[in-house]
């Protein structure tokens, strides 16, 4: 029937186009593919290659003028989209001694994973958190937040962290709102540092707390505790053949993800680890904290060291080798895959 | 500093582009807008204008060749995207007497809202459901489903329904899988019609059921019961100033949404209703079942009657007037907005 | 050591008694038994033997004077405890034509399962529900409720139902509050009959409902729908070897139990059914609606017919034979066993 | 009618008693009281008065012979019931240097709150936890557990802790099972100390954990962290007028209670605190860790110091005065009140 009706069909398509109608059968296979066909590609950023550009940016624009002095990591296959996967944003933010990145808030949730330097802080909802390399810090949706760098213990260094946000998701769902703080560059600090941790971080909680929002009530997950937990389990030899020792950051008020849109993980691979392959539908951004090794991502082979960053697209086979003890942070859009009921993963080999 | 450093900045941008880096500060306002700036526009499809094209399609391609003979309703501002909002798909499906739309399954969840004709059925996971105008039917993620039209009570008519799917979401999150049924055009029927309703539809449930998946275990929500519920509440004068009487379809096993990715509603507006304005971040597709009136959507004014379809983009102000008693179906991406913690709505006037 | 120290131990026990101290080791085995050692016994009440006493009570006290004219079914091993198991209360309530059982409310949750007669109603939170044999009706914790008997369709009969309450639990946890209605015998009716069902009973729910409390928002589960569901599944031959076809009543707003303290079930056994034995930690009260058969409860053998009632204590082996098609209602304290994490059940043979 | 029918009613009561029937109207007021009428009374145990009896017990029976060498704290109004309220059990357990309390498991959940001495441990599900004063340790339902005292850092002391269990609840619901360990006195240790904490205690969790049961996956909540959290909040001046600073122990996998049947709290009252009165339906057992003050419980006035224990029955008005900085542990049956929907509390004055 196809050949016979070819011309007539084309005429129908032309007739209906002005009605904003289009035939499904011409695109069905692309719309409902047999398996994920992501436009994203694996990509790798070597920190020592990027750092000079960040420092150059530090000379060309202030944190205050930039609002956020960030170089966005764009997926090479999505140029101009400000996205590292279709749904995830990643950037490297620099804040120099004495600077302030002014207070604002937005619907987009953010994570900060500190990779370089000492002396910065983030303030979230009136509580300041000092930032150390390896610390994981969140700024939940619609909370006022600002960053600064006042030095610490006499040390005054440029500080760089990885920003992970759900910007593409909020854009896709057309739900973005934002406000700048009318009061000033920095919001007033109303609670002492450690306050949220005292309330929710000690496996305890206020007896009559009334938590709003889905995000974790603790803003900061210090590397010192994370590292200790990973090493305790590593000594216990509880090493998974695919993932080594992998923990997820949780919201202590619910046991769920720390951020409702972004899964966040910290992972240990012992020296000599040669992991099996796995793949999953959630695209993932990795950031190395300690050690060196190789990540096999699809047909790519990334030789990584500390502070390097790479992205694993949906359904790309992934495996790791560790040449030294490795600690890696990662984040993905897994919570959304779970909420939508579309998460799929395979453990291969 | 901006002018002074203009050239140097541009040089930096050029230098970092090959590294797949781009400066946030040049795009920050667009990435984090003060309020939603959807690319979608309000749009309206008058069923009596579209129906002839559907019938023409019925002559040019069979349901079996097409797999699904559907005209996609595309948002005029998103041509070629097969999407009615950035996250939602809508189409009108025709199945003629004697036809079969063959069995397949996919990660994408679908809803069917019947708008024209009698005699068709949908089979989901081995159970057949007869389709009547006003019925709401779901095919959950990864369940085998096929459609056919064998007539009913000697009546044999073309049957048209609205298909609502989460195709753009699954594409955005790169999580699509699909399979055609190797066994045959129609899956075997393994349970009598009404079986799921007997298990879960009578405000009861099997004593030791082990439900998998997030979708409702009942596939069909017949219009007869929906209509009766709406009219009972209308007689009770429980009329909301914005929405009249509005019920949502629920998953009786959880009390949550019938479909994890799509909110679905049925709404009654009494004759003479002149509703207040509201807006919300979830874009919504409406399909009129009974009655006539006017929908004010942003700056548009849609005069609607039975079977007409229109789309309300994110954050567009919306209000209704009813010239007769109106019953309307609608669906949106609200469950995802809720899961992500990004739903916002305002009741105005 | 025991003999040697016998006297000294006894002296210690005597010394500490005034301090309200007592040695665990003398009672450990009884406190922490190897398996449940309930003080309850199986028991059976033949309705035709009880009915004359109910009617006699109807002549000796009015519903209004009695507040509730009920004969409590006491476990023979718990005389004076007003309890059919340690945690459950059961009673038979009679309301004569023209009577009113006045409005009150209490923390205790109640269920009504109608077993005899037509023409009565229950009013809960301003909504009246007509009572038919086989209907299951709830009065949630702390809701105003009253009963009356005005006849229906010219029929005016004594009406008897089974009351099931969590009175012993609320007493055990010392949490009982109660109030009589100051306004009058019957609370004012503020919503038409069927209102709750229109809101929550059609597998739909109000779009922005704000449910308080844990109990189901529908007060009445009519037998007509329950019976139809059971018979549909029975025709489908979905017959469990232990329980036949067994459905639980659910709260449509959550998918959980209709009442937070009491599990409620309806069960069909086809004629000829000879079930396998099972046992569980939740004690259960059964009330037969249709048919006849035998219940084997521990070492007891109860030959039951319509309207008969029996109790199965915790962990007593239970099996059924059906001489005719049987429909049976039952209720237990299972939700509490689940919430406490102490439910255990075994399917034997 | 009452007088007139007095004799006839009595005859009816006599007639129905052999049928295990009894008239509700004679007992309605007691069954459904206007407010809680607990049989329990407030009571106080001064540790320094009790300790000699415990040490005497230590000479008269070994931990192994006793299985658990415990003096039960009985509510003075419930003699012989082994209960401190109708639903709660409390006891003081002594373990001497070199002793082992052999391994067993039971449905009953237990908490241990360490009050005196160093050098003991508890092993739960293959993991040993060292016990220090102020530590809170749980043994979840049906987990193997044993205790021992091997000394620590050369220190070898008698160790005493408060045992809190749900024994009366499990007895009331007839759901108790128990087993002794056939293998030996102490279960084998299969995981290093700190293992559970590494998995779940650092606001992180294993990425693919499959938690069974309702209890917290961490067995030990060390006083060092609890105390630090309380003092941080105290310095922040976040002092509630009724409760000072009060935190609850939580299950980090869910955010819920650490034990499904027992709420557990730690509370700080600053020196000079003179709290307002409150009351609630959950009966509560208090154990003082640091400081001294006065507890007003109903009409009683308890002057407390470190290690003292007292019980507050349901609905008894309660307020505190602190003469020094006070830290107090407490536990109650609140999770069950919440699950049953019967919790009520009032903040007075």
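General remarks:
Going by the order they are written in, the chains are A, B, C and D; count residues from 1 in each one.
Please note the rule applied: a residue touches a chain if its C-beta (ideal position, glycine included) is under 8 Å from a C-beta of that chain, and two chains touch if they have at least 3 such contacts.
Since the model is a prediction, treat every value here as computed from it, not as a measurement.
Annotation of chain A and chain B: not jointly contacted by any chain, touch as defined at the top.
Ranked by distance of CA centroids from chain D, the top chain is B.
Between chain A and chain C the centroid-to-centroid distance comes to 52 Å (mean Cα coordinates, whole Å). Put simply, the C-alpha centre of chain A and that of chain D have 42 angstrom between them. Counting partner chains per residue, chain B shows two or more touched chains at no residue at all.
By the touch criterion given at the top, residues 191-192, 194-195, 197-199, 201-207, 216, 218, 221, 225-226, 228-230, 232-233, 235-236, 243, 246-255, 265-266 of chain B touch chain C in their complex. The touching residues of chain C, when paired with chain D in their complex, are 1-2, 5, 8-9, 12, 15-16, 19-25, 27-28, 31-38, 40, 43, 45, 49-50, 53, 56-57, 60-62, 65-76, 79-80, 82, 85-87, 89, 91, 106-109, 141, 166-167, 169-179, 213-215, 260-261, 281-283, 313-315, 333, 335-337, 339-344.
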